[in-house]
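In what follows, chain A forms one complex with chain B and a second complex with chain C.
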Partner chain A sequence: MRGSVLKRGLCLLIILACLPLAGCWSSHEVNTLAICSALGIDKTADGYLVTEQVINPKAVASTKAMNQAPVVVYDGAGESIDGAINYLLLKASRLIYNTHLRMVVFGEDVAREGIGEFFNYFMRSYEYRTDFFCAVAKGSSAKDILCTLTPLESIPAVELFTMLKRSSEEIGVTRAMKVIDLVNSLSSEGVNPVLTGVEISREGEKSNDIDVLKLSENFEKLKFCGLAAFKGDRLAGWLTEEESKGYGYIAGKIKGSLEIVRCGEKSEINCNILSSKAKIKADTAGGKPSVAVEIAVKYAVSGTKGGFDITEKQNIKRMNRALENKIKRICAAALSKAQGKLQTDIFGFGEAVHRKDPSYWNAVKDDWEGVYRSMPVRVGVKAELVSIGEITKPVYSSKKG
Partner chain B sequence: MEKKYISGHQLFTLFALSSLGGSVIVASSPMAAVAKQDAWLGALVSAAYGMCVILMFYFIGSRHPGLTLIGILRQVLGKWLGTLFAVCYVLFFLLLSTNLPWYIMDFMGHVMHETPQYAISLPLVLGFAIAVLYGIEVIARASEILIKFVTFIFLASILMVLPNIKPDNLLPVLEGGIVPVLKSSVFLSVYVTFPMVSFLMIFPVNMEDVFGAKKPLLKGFLWSNSVAFISILISLLVLGSGIVSKTKYPTFLLLKEINLLDIFTRIEYFISVLWIITEFVVGALFFYSGAAGLSELLKLKDGNKIVLPLALIVFIMSGVVFPSDVFNMNWLRLGWMPLSITMGLILPLLVLAVYGGKKAVWLIWGK
Partner chain C sequence: MSMIRKGEGKGMEKDLPVEPSAPPAEEAAAGLENRLNESMERFRQAFGNSADLVINRILDGEGKPCCANAYILGLSDGDTLNFISGEIGRCLGGGSISFEGLFRRLSCFRAAKDDLDFEGACRELLSGNTVFISGEAERFCSIATNSNEGRSITEPTSQTIIKGPKDAFTENINKNVFLIRKRIKSTALRVENLSIGSVTHTNVRLVYIDGIARAEILGDIRSRLQKIDIDCVLDSNYIEELIKTNKYSIFPSALNSEKPDSVCAAILEGRIAILVDGSPYIVTAPAVMAEFLQASEDYYHHFVISSFMRVLRYISVFITLLVPALFVTVTTFHQEIIPAPLLISIAAQREGVPFPAFFEVLLLELTFEILREAGIRMPRAVGSAISIVGALVLGQAAVEAGLISAAVVIVVSITAIASFVITNYAMSSAIRLLRFAFILFAGALGLFGITIGLIILCLHLCSLKSATVPYLMPFSPDSSSGKKDGMIRFPLFRLRERPDGISACKTPRTSGRSTLAPDIKERPELK
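Coming up: the complex of A and B.
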């Protein structure tokens, strides 16, 4: 009896000991991995130059002051991204590990040639998750962007990631597009993707040396600038910052922003946009498509200038009108650029038509671009004041005396 | 095998988990490929006619208390034809129990691609064998506990992915008409409905009151279909039909999207826990059905004697049954669909027709 219990116990122990073995087989210890935070893709004559920003654990994890750069940038040329990354092992002792990727930066020439095929790779490879953001390098190569060090976050990719997320929430000039959304808009016929542009603001010393991080200013910084509008998977052109905002209002992507409006001669009011919602309604009556965009904006007043009394009911109406007109102007600028010069449907009007009238959409989708170019778009804005801040009438008014 | 009884609630949990089986993580992809954004309607259609199929299984079983599927086939179709079909069913169940470890191996192979496949399937097949040696009662009791895990993991992950939904992804409704929706419903039924014919090996014998099986069966079916429906609907809402139709494991990709306040993120492997649990339960069920059926066919006194040899065969087969995932995809389309429909719909209908015919003849002759 006792023996059989022992035997059973032993059997159980052996089986239990075997179970976790299956999990150890493919283990990669952290100190054998080169954890990449950003990936850059540039064009070369016969393929791509892939740049990987690898986190340097010695510099990042040390408690002492940094005497090594927090990231090391490896680059390799190859016919495909995967091929180039594979050859990076000739330069780095550790396995390139992309699961913690935060940013993918496309060079402008790559973006003009098409980024669609890259996402076949990103989605197929098990190594990539879908939680990184993409950007297009403007005025410099993707490699230069990845080489730039940043003062606030020691890992530049994390700085870019956070900056993109925050700026898209607070200013609305950028767009933090999720990979899933990006892939959907790349494959959909009724909407074209936009990516945020990133540039190096050249205002001093080159920031690829940790010595520049000792300065408080006068060194190169990374900066997001307007949106890159794509046609299909190819870069069609750049939107200015105001046009980017207009895109945000129409596509309903603005979560917060700031608009300065004029009411009357001298008065200026800072309107802090708290939320913005957009509804795109398509109409295909009579085979003539048109789109109406209804934008509802909630805002708070964060500052006045010129003695404008915002406590008066009439003035609030004036202020609302002024803000509505301002947003309409911004949207009109974005529309005319996208419909006219770039000729790309970045707002998803095609999708709206598709949802509204599938049979009509099937008839026009092959020539959607032509229809879109001359399609009338009506933008209606409704602004609503939510809060006027901590004071009522201005504490200082220049009219005094 | 000695007679063991399971309760109504145990039948419900066992049926629910087995019916869900492998479908939750894979079925939405072929469905979206056919019906695009209307695949969720396909899940509803599948549930509607699946209910009738389950009622048919119940009807067949409840008219033959004390007989397994093997016994029913022999009694209704006669000794020779009945035995022939019984052999088909035993092979069908054993084939299924070799497929399920392969799916786990394929899925885990994406993550642990250096691990030999057999290292992943060994614990599973060992689990099947141990479960069957302990008997159906123990499998059913385990399912009672496991269903709580599964429900919790599923609800938690769906709740966490809810902030990412985009209602526009479902529009326009019924763009391609009703036909693709009906087609897509078959892709779900071949997972959640038809293979459940294996419960005819269990509830007519292992329930004390066979008529009490109706409610648990329907409840279990409702549970598994709700889970399948929700996972398909949410996959479409978050990912869009284009991505869903091109992804091997859409639900897994869906959970990759979870990011709650930057804290609850990178938890997609939770869904694989759910998946491994349901695949294990359904695998154990098929393995039990195959082993019990074989021992009944061979009139063995101690059915447990063949469990380990069968487990060895299943273990070896699990590695070679599909040479590659492309082969598997073609098999699902060209082989599995007709096979599942034949075994889970056409043959039971035949049994029902012959049974009804016999009854009618008997009634007329009786008068």
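Coming up: the complex of A and C.
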């Protein structure tokens, strides 16, 4: 008995002794990592310039005031994105750690050349958590975007991330595209992706110095500016903010927005869009495809101007009509831009046609662009008033006087 | 020798000095006296002339020695001795009386044993009883005079409560039986006496309720107790360790408690209590894992609140076991699963810390264990020094000096606090020790290692048995009635059945009479 216990104990000891032999393989202490918050990709003559916005934890989470920038930007050039990231190690002592990436910003020239390959990389590499948002730099390089410091969130990528999320929920001009959505629309037929554009609003001093953040105004800020429409994986062109909203209505992506409509000559109503749903119905009768978009919008009145009495039933109808027309106008603008100038089916009309009539789709698939350009699209909007706010009649009306 | 004489002189007035000064008498009387002296000498020799052994001769009305009595000073109760000597005096006052008559008279008042052999008589002496030595033949009888001296019943020190009975067991086995008897006024309560320890001959008692306790378990425990081969039993843990089924397991297989109410509750569920003389901790067996996470107080509060507390304790077990390991693995292998802001905050704290997280956690956990041990062992008078050194020097200064990160201090503190939520100290210690194994696993293999550790732990727990009952009883094997009082406590009116596999009794708890009926059948074998 004693012998067998000893033997068993010895076995256990040997097994336990094997544990540290693994040598903590693949372990990295937190303070040996360069935690990247944003990745920027620009074009160079023979490859890419990859920019990594690396968080400086000392500056971000320190309880004492630090005279260091919260982020440090490293860049490296290479023929491929992975190569360029490897090259970064020549500049940074710490291991570039990309799992906590919040934003990926593509330079405009890279976007025009195609972004599909990058997503092959992001999806394949185990290092990416693919919960980051993507954006396209407009009017500046991705590197410049990454170099810009932000005052509210000390990490610019986090500021961009939350800004994008919030603005897509509240305004509807931008779209917070998760990588998985983007990859889905890249890989499926009959729909093209959109990404949000990000630019630097040049209002003063260049804000790549933390001293600039001591100012309350007059420094460069990051700003989102409408959507970038892609054709396949290549950037086709930009939508204005209004057109971006139109895209949102048609694609049913608006979660909230604000429309100002005119009722009568002097009255202006602020309509707070609470929800918006869109149904795309395709029709291929007689070999002539057409698409009908039905948009149902729920809104609340958040402000009136010019003594418009919104308690009257008649006026509610007028208001609904006015809002419907406004949305129709916005949608028409988006449609004409996408169908005319950009010639890219970002709304997913192709998918609707495919669903409706697969055999027809197979026939026109290869020339869908041509069909799409001249395809009639009818937009129907139905607005529904949900709430008129805290008061019924305006507390002060200029008409009274 | 002179000391003995002094003591003897004081002990009883009627006694003669030890040295025989035989008056001239008949032959028979002389023979009796010789035999008596022989026996007395035998006792003295057996005890090696021990200073606290008192042997007195008792003279009859004619001044002739008729018998002798012996006791050990201090072990016997003075009042009882006085009472007995008074009784003897009254007997002898009425003229000549035989040894037989004297003993019969005395045994009316106290527990008595007749016809002991020499070994038995010695044992009686050692138990504090008075032995009467007859001169007529070699015959020893004993009268119970053992002293009940000991600590009075006080509040429990290791199982403190807010609400509920506040008495605790003492070192005196008779008082402990009294505390149980007082609560369970039933004729079915059985008390069995055993003597364990080849040198100490410690009194051990089995207490159970006939008809509720399962015969199979009772037999198992009895046979295990009989097999014990040891020289001494100084605490109930000796018994606990020696009757363990899985002798090398770190997990306690019997519950020990110093609270009579929880021991009674265990007995009423069909468990068997083992009382050891000299230990205020009563062992109850069989014990299942879930029991170690229950407090007697659970039944004295509202069942929702008690259930919440129990769930909290289960969570605490996992916190104690896994939090340091998870911290190590997450900060060295799997940084991607930490939310970004938290990672940044941890990274900022770890800036400039010279040790790897694994070493840091191990170091601080060990430090905590040292502090805890020091807190128990050191003299009370220097108690405050430990808290100052522990809290200020180790906690604050080490963080400020940048030797360890604040997050690790938090992890170690939460582990320490959570470990004290586990009601049973033995279980808490076991889990605290296993925590180190998990830290090693985590440091070497990351989450993969923790998973391996959990699988090993789970297999081990499943393999354990406590007196024929599976250790994870209400959960595995599954028992719906057991689960009613497992992780959550059902209201008392719903707890109508005794736990599966432990009790032999199938009748509801509420019907007392049928419980104790003699024709109760054993519960069928466990699946």
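As a working rule, the second predicted complex is superposed on the first by the 376 of 401 C-alpha atoms of A that agree within 3 Å, B and C clash if a C-alpha of one lies under 4 Å from a C-alpha of the other, contacts with A are read in each partner's own complex, and residues count from 1 in each chain.
As a convention for this text, a residue touches a chain if its C-beta (ideal position, glycine included) is under 8 Å from a C-beta of that chain, and two chains touch if they have at least 3 such contacts.
A quick note: this is a predicted structure, and the numbers were derived from the prediction, not measured.
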Touched partner set for A:93, first chain B, second chain C, both or neither: neither
Contacts of A:129 with chain B and chain C, given as first, second, both or neither: both
Contacts of A:29 with chain B and chain C, given as first, second, both or neither: second
Touched partner set for A:15, first chain B, second chain C, both or neither: first
Which of chain B and chain C A:351 touches, first, second, both or neither: first
Which superposed partner A:183 touches (first chain B, second chain C, both, neither): first
Partner chain in contact with A:314 - chain B first, chain C second, else both or neither: neither
Contact residues common to both interfaces of chain A (with chain B and with chain C): 19, 22, 26, 129
Residue numbers on chain A that touch chain B, as the complex places them: 15, 18-19, 21-23, 25-26, 123, 126, 129-131, 178, 180, 183-184, 187-188, 351, 354-356, 358
Parts of chain C lying in touch with chain A, wherever the complex brings them together: 248, 331-333, 335-336, 340, 343-353, 356-358, 440-441, 443-446, 449
Chain A - residues contacting chain C, complex: 5, 16, 19-20, 22, 24, 26-31, 33, 35, 37, 55, 57-58, 60-62, 97, 99-100, 102, 129, 155, 158
Chain A contact footprint on chain B (complex, rising order): 110-116, 119-120, 122-123, 126, 168, 171-172, 175, 238-240, 242-243, 247, 253, 256-257, 259, 265-266
